[in-house]
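Two complexes, one shared chain (chain A), two partners (chain B, chain C).
Coming up: the complex of A and B.
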């Protein structure tokens, strides 16, 4: 795996060099290129339209109807679904939780991944094994991870029960406690995805020219100074990319939460997508669910574009 | 090594294609009847598979095929599935508001004419209460399959140890007293599945039925009168909150799924459980040792009456299942269903402890004493109410589940809950 990643990193470096060549002027689309366009554009365009553009449009359309998914949407209700949505406590909780997940991903997960990457980017024996171990949770299917952690947290038979029992303490039922459950979920999220960010950082670190660090050494820079003034600035694009993935991942979080808590107890672990599923799909309120989908879509688009515009402008 | 693996894979792939081609070739002369179910019990499935095999053999021009979807996935996918070409011809239904919603949109076959033909020969083969549950406005929309009732099951050993006589738990106050006594004796009084939410909604439903009676519940369903704003619903919530204040459930019940809850009861970890008619098998299947409580250690009593309430102890809450038929299903589907829900087949399934039958004359198939008790209660039922979360339709039903858990865990006031229900009912 690491060799694959190293290859990827080196090819990425190569690409950067290639891109550094002077840009050729764009050729105008001449008659010679038409056959290619006619041949290759429609399939991609068609697929994209059918599976991306149309559903987005449909969701927006459904969101102004009271519709249970059968027949055609006929009962036009205007913006009522959105009004109900924003008055819904579970939805507000979901918004809040999604924000919290995002925050924890950025404040805990990404720095943790960076720290581990710094340790594991060196060439010391056994390092490959550690990378593998830290990357394993990410490889695991989300649902499987959720189920495993459900057992870990189980207050009767789980690992938690065994640990607390060993010390003769009363086992907390973390997933049943509406004040604690979300933190249990957050722990799983960090555990599940930090390996991915770590790998990104390792690849980024390997792309940094060692001479710069050597030069800093000669100049008498301390370890922290090297990190702060050489590594981190050069790692900038990777950090921004990693945060970008963390934000988008937080918005889409669903598979881990469903087997863990199903959004409960009392909706305290609901995320935007689990909310959409349990309130839209499971309750056969397609119109209402679509409204939630539209809100989620708007949040995603706004976040993604502002982030790209503002922070990843030069990457 | 790798090459042989590839070759095996290729070969098996090719043979699979050939086999499926051969199958379609053979099936061309046959009418396929697609049957979608959610059954997971291997014992039940075996009985069904035998019946299907038998039917297919007796009717060479029909090929009944069984398709499985997991319960929650089934509910989630059904709307899309029913409107597609891959729609099953017959599928499992809980009756109530969901069936009604499906019927209203024209995806189902109206069975009234078929059932009423020859002076109602077919419809008369079922117990009337079962037909009522799958009919709206005098039209029949599914073939009845089984009935069930929710009641308390208890662990006789624990009851004996604490000194409780189950026969005396006929009213809510003495029931609450028993819960306190059991708790004091160091046992968990009730196994509760708060993680799945719906196991808790049985309490609120039964309390509403016992306090308000049929008219009040029917009004809430149709939105007539005071609907959900009737005092009975608030009172039901208050009684549920009283139960919750006693902390009657196992620690961590808010995350417990229904199978876990049954397992806890089966392991002897709780004195009571409010469960389905087949709780005996369910607790056995989910117990840690696979055996659970012995039959003679299990007792059963109906949900107690509430003093001053309109409802009676003989009113039953429980399932009512049927098989809905999609509008473009081949006529053979109905023939199969007639066969499948006939007295003989129903008796066989009752003997296998699978169902409380709905076919007239199949009752004698119920041999298990606890199932017999449920069957007797059903046959003497003064009012049989379908599960609230099915009967009130999917959206309102889930709100009922939610608020039941919120009330019992002390997270919501009963009047807030009723307001939420009334708001949701307005949106429907």
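Coming up: the complex of A and C.
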């Protein structure tokens, strides 16, 4: 009697399980899915395909033609656009400048942001106000920031003129000097973006367990040791993220440069995007410009993948 | 840091005798004030410069104006041009934000809750958009917009802006939507509620924080965007303000007092909104970055 009952119970349980499993896994309980699929996916899919994916593909296609943008691309030139591109001095300068901007962002801007974040992590009055002030340039449009600095650097009216005049020196026209202009641009880039990186670090610092620092205190660690062996390793993911944004940002730098120098004097401050704009868009050389776009694209892909592979493996 | 060390027995502290703590505070403030002045001086001189005459600006760019020239600011405030620029930026920003929210929320909801073949691939497809700057495809984009007949119209700017913002927006919203508890679903479905009604009645009201974040990011990016309007718009009556100040500067050349007043007035809305809603803006702009 009891065994029969047990058998019945266990077989019933098994049946329930067998029935339950397919329902959960393959045929989720719930209403029809097709209305939501048909209504909710296409807008995003269409917009994204038409304005992002297709143009990127077309850039690759156009880059092997000599085309002024009217009619159909017909004059196939193979890889000649790329050949001309890499022989172009302005383009080489742009590549070099982009590398320099990346380097400066990583070795000056990121440590500066980390240092300020450490200072602002102390609980002293006024910290919130400083945070706001430091973040302010990041919120301003790049174009406005560029124009403001164009005034600052102006040799006749700007702050530079005043400072140099005060010391009785002749005012340099920094933006007109092809040897210094790029450094003037770099200073503006740091001024504009350090606040963003600082905010990343502040968020990262807040996530660190205070007990670890207290433990280091008890062990008699100095301030530098605490930073070097506790804070910095724990900030690893934030540092990598910050560097990632610095790299991506350097690759697209355009808005700040246009009002400052527009890529000049004699191409000395050209970036990849200003080059693309003045040689591809302004002259309507669609093939040539697209080739520059493809190079930028390849650099992005290579950097993004190696970066994810090498540095962000654990995040 | 100082408050944690203060609770420890004095023998274990090696950094913070009262004197060195004072020095550290002093050093902290000195550094902070130095950086703050580097940030603020260009901004303040810009605002003050708008009140000066050109001669005054030349001899005295730092100090207060010798005579406050309200005329510079008033001339701009009473010009049609200034208001038209801001209006253009506002309209473009509004439609960009609205469309980004609507389109991204629907796609993110589907990717988060509806199981269908290929949903993983679709998500990755959208994430491709995170990797490429607009500039890589700017020429084909221009040709596409031209062929669609949208050149020199608001939509020629809005649609590409929405499309390039979709990757990040969908990612952020999907991650948020996934945290809606499953029990809510089961309950709603048992009561005969479909996906679309669930989206309207449950998901959206529960998702205000992420809607605010994505909306702020979309609006700020649109408000400050330069390269897309630069390429898509040709007539000055359609220019949003970043293009407007550039052409203003082109016209006024070295009449810096006017240009400075113009810059001040155009960044003023941003600064006011930033200080009024700083918590949300900072959270939005950095969380968008961190979670990506």
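Here is the rule we go by: the second predicted complex is superposed on the first by the 272 of 315 C-alpha atoms of A that agree within 3 Å, B and C clash if a C-alpha of one lies under 4 Å from a C-alpha of the other, contacts with A are read in each partner's own complex, and residues count from 1 in each chain.
FYI, a residue touches a chain if its C-beta (ideal position, glycine included) is under 8 Å from a C-beta of that chain, and two chains touch if they have at least 3 such contacts.
Because the structure is predicted, anything quoted here is derived from the model rather than measured.
K.L.:
Does chain B (first) or chain C (second) touch A:168, or do both, or does neither?
P.N.:
neither
K.L.:
Please work out whether A:144 is in contact with chain B alone, chain C alone, both, or neither, and reply first, second, both or neither.
P.N.:
second
K.L.:
On chain A, which partner's contacts cover more residues, chain B's or chain C's?
P.N.:
C
K.L.:
Pick one for A:78: touches chain B only (first), chain C only (second), both, or neither.
P.N.:
neither
K.L.:
Should A:69 be classified as contacting the first partner (chain B), the second (chain C), both, or neither?
P.N.:
both
K.L.:
Between chain B and chain C, whom does A:281 touch in the aligned arrangement: first, second, both, or neither?
P.N.:
both
K.L.:
Once the shared chain is lined up, is A:155 touching chain B (first), chain C (second), both, or neither of them?
P.N.:
Only chain B; A:155 stays clear of chain C.
K.L.:
Once the shared chain is lined up, is A:135 touching chain B (first), chain C (second), both, or neither of them?
P.N.:
In the superposed model, A:135 contacts chain C only, not chain B.
K.L.:
Is A:196 contacted by the first partner chain B, the second partner chain C, both or neither?
P.N.:
So A:196 only meets chain C here.
K.L.:
Touching chain B and also chain C: which chain A residues?
P.N.:
Common to the two interfaces on chain A: residues 69, 156, 277, 281, 286.
K.L.:
Would you tell me which residues of chain C are touching chain A in their complex?
P.N.:
1-5, 8, 12-15, 25, 28-29, 31-32, 35-36, 38-43, 45-46, 49, 54, 57-58, 60-62, 102-104, 106-107, 109-110, 114-116, 122, 125-126, 128-129, 131-144, 159-160, 162-164, 166-167, 170, 185-186, 189, 192-196, 199, 220, 223-224, 226-227, 231, 241-242, 245-246, 249, 254, 256, 259-260, 263, 266-267, 270-271, 274-275, 278, 281-282, 285-286, 289-290
K.L.:
If we count contacts the way the header does, which residues on chain A are in touch with chain B in the complex?
P.N.:
Checking each residue of chain A against chain B gives 66, 68-71, 84, 155-156, 173, 175-178, 181, 261-262, 264-267, 277-278, 281-286.
K.L.:
What part of chain A is in contact with chain C in the complex they form?
P.N.:
Of all residues in chain A, those touching chain C are 28-33, 35-37, 39-41, 43-45, 47-48, 50-56, 58-59, 62, 69, 116, 119-124, 126, 130-144, 147-149, 151-152, 154, 156-159, 161-162, 191, 195-196, 199-200, 203, 210, 213-214, 217-218, 220, 222-223, 241, 245, 248, 251-252, 254-255, 258-259, 272-273, 276-277, 280-281, 286, 289-290, 293-294, 296-297, 300-301, 304.
K.L.:
Within their complex, state which residues of chain B touch chain A.
P.N.:
Against chain A, chain B makes touches at 72, 75-76, 79-80, 82-83, 98, 101-102, 104-107, 194-195, 197, 251-256, 264, 393-395, 398, 402, 405-406, 409, 411, 427.
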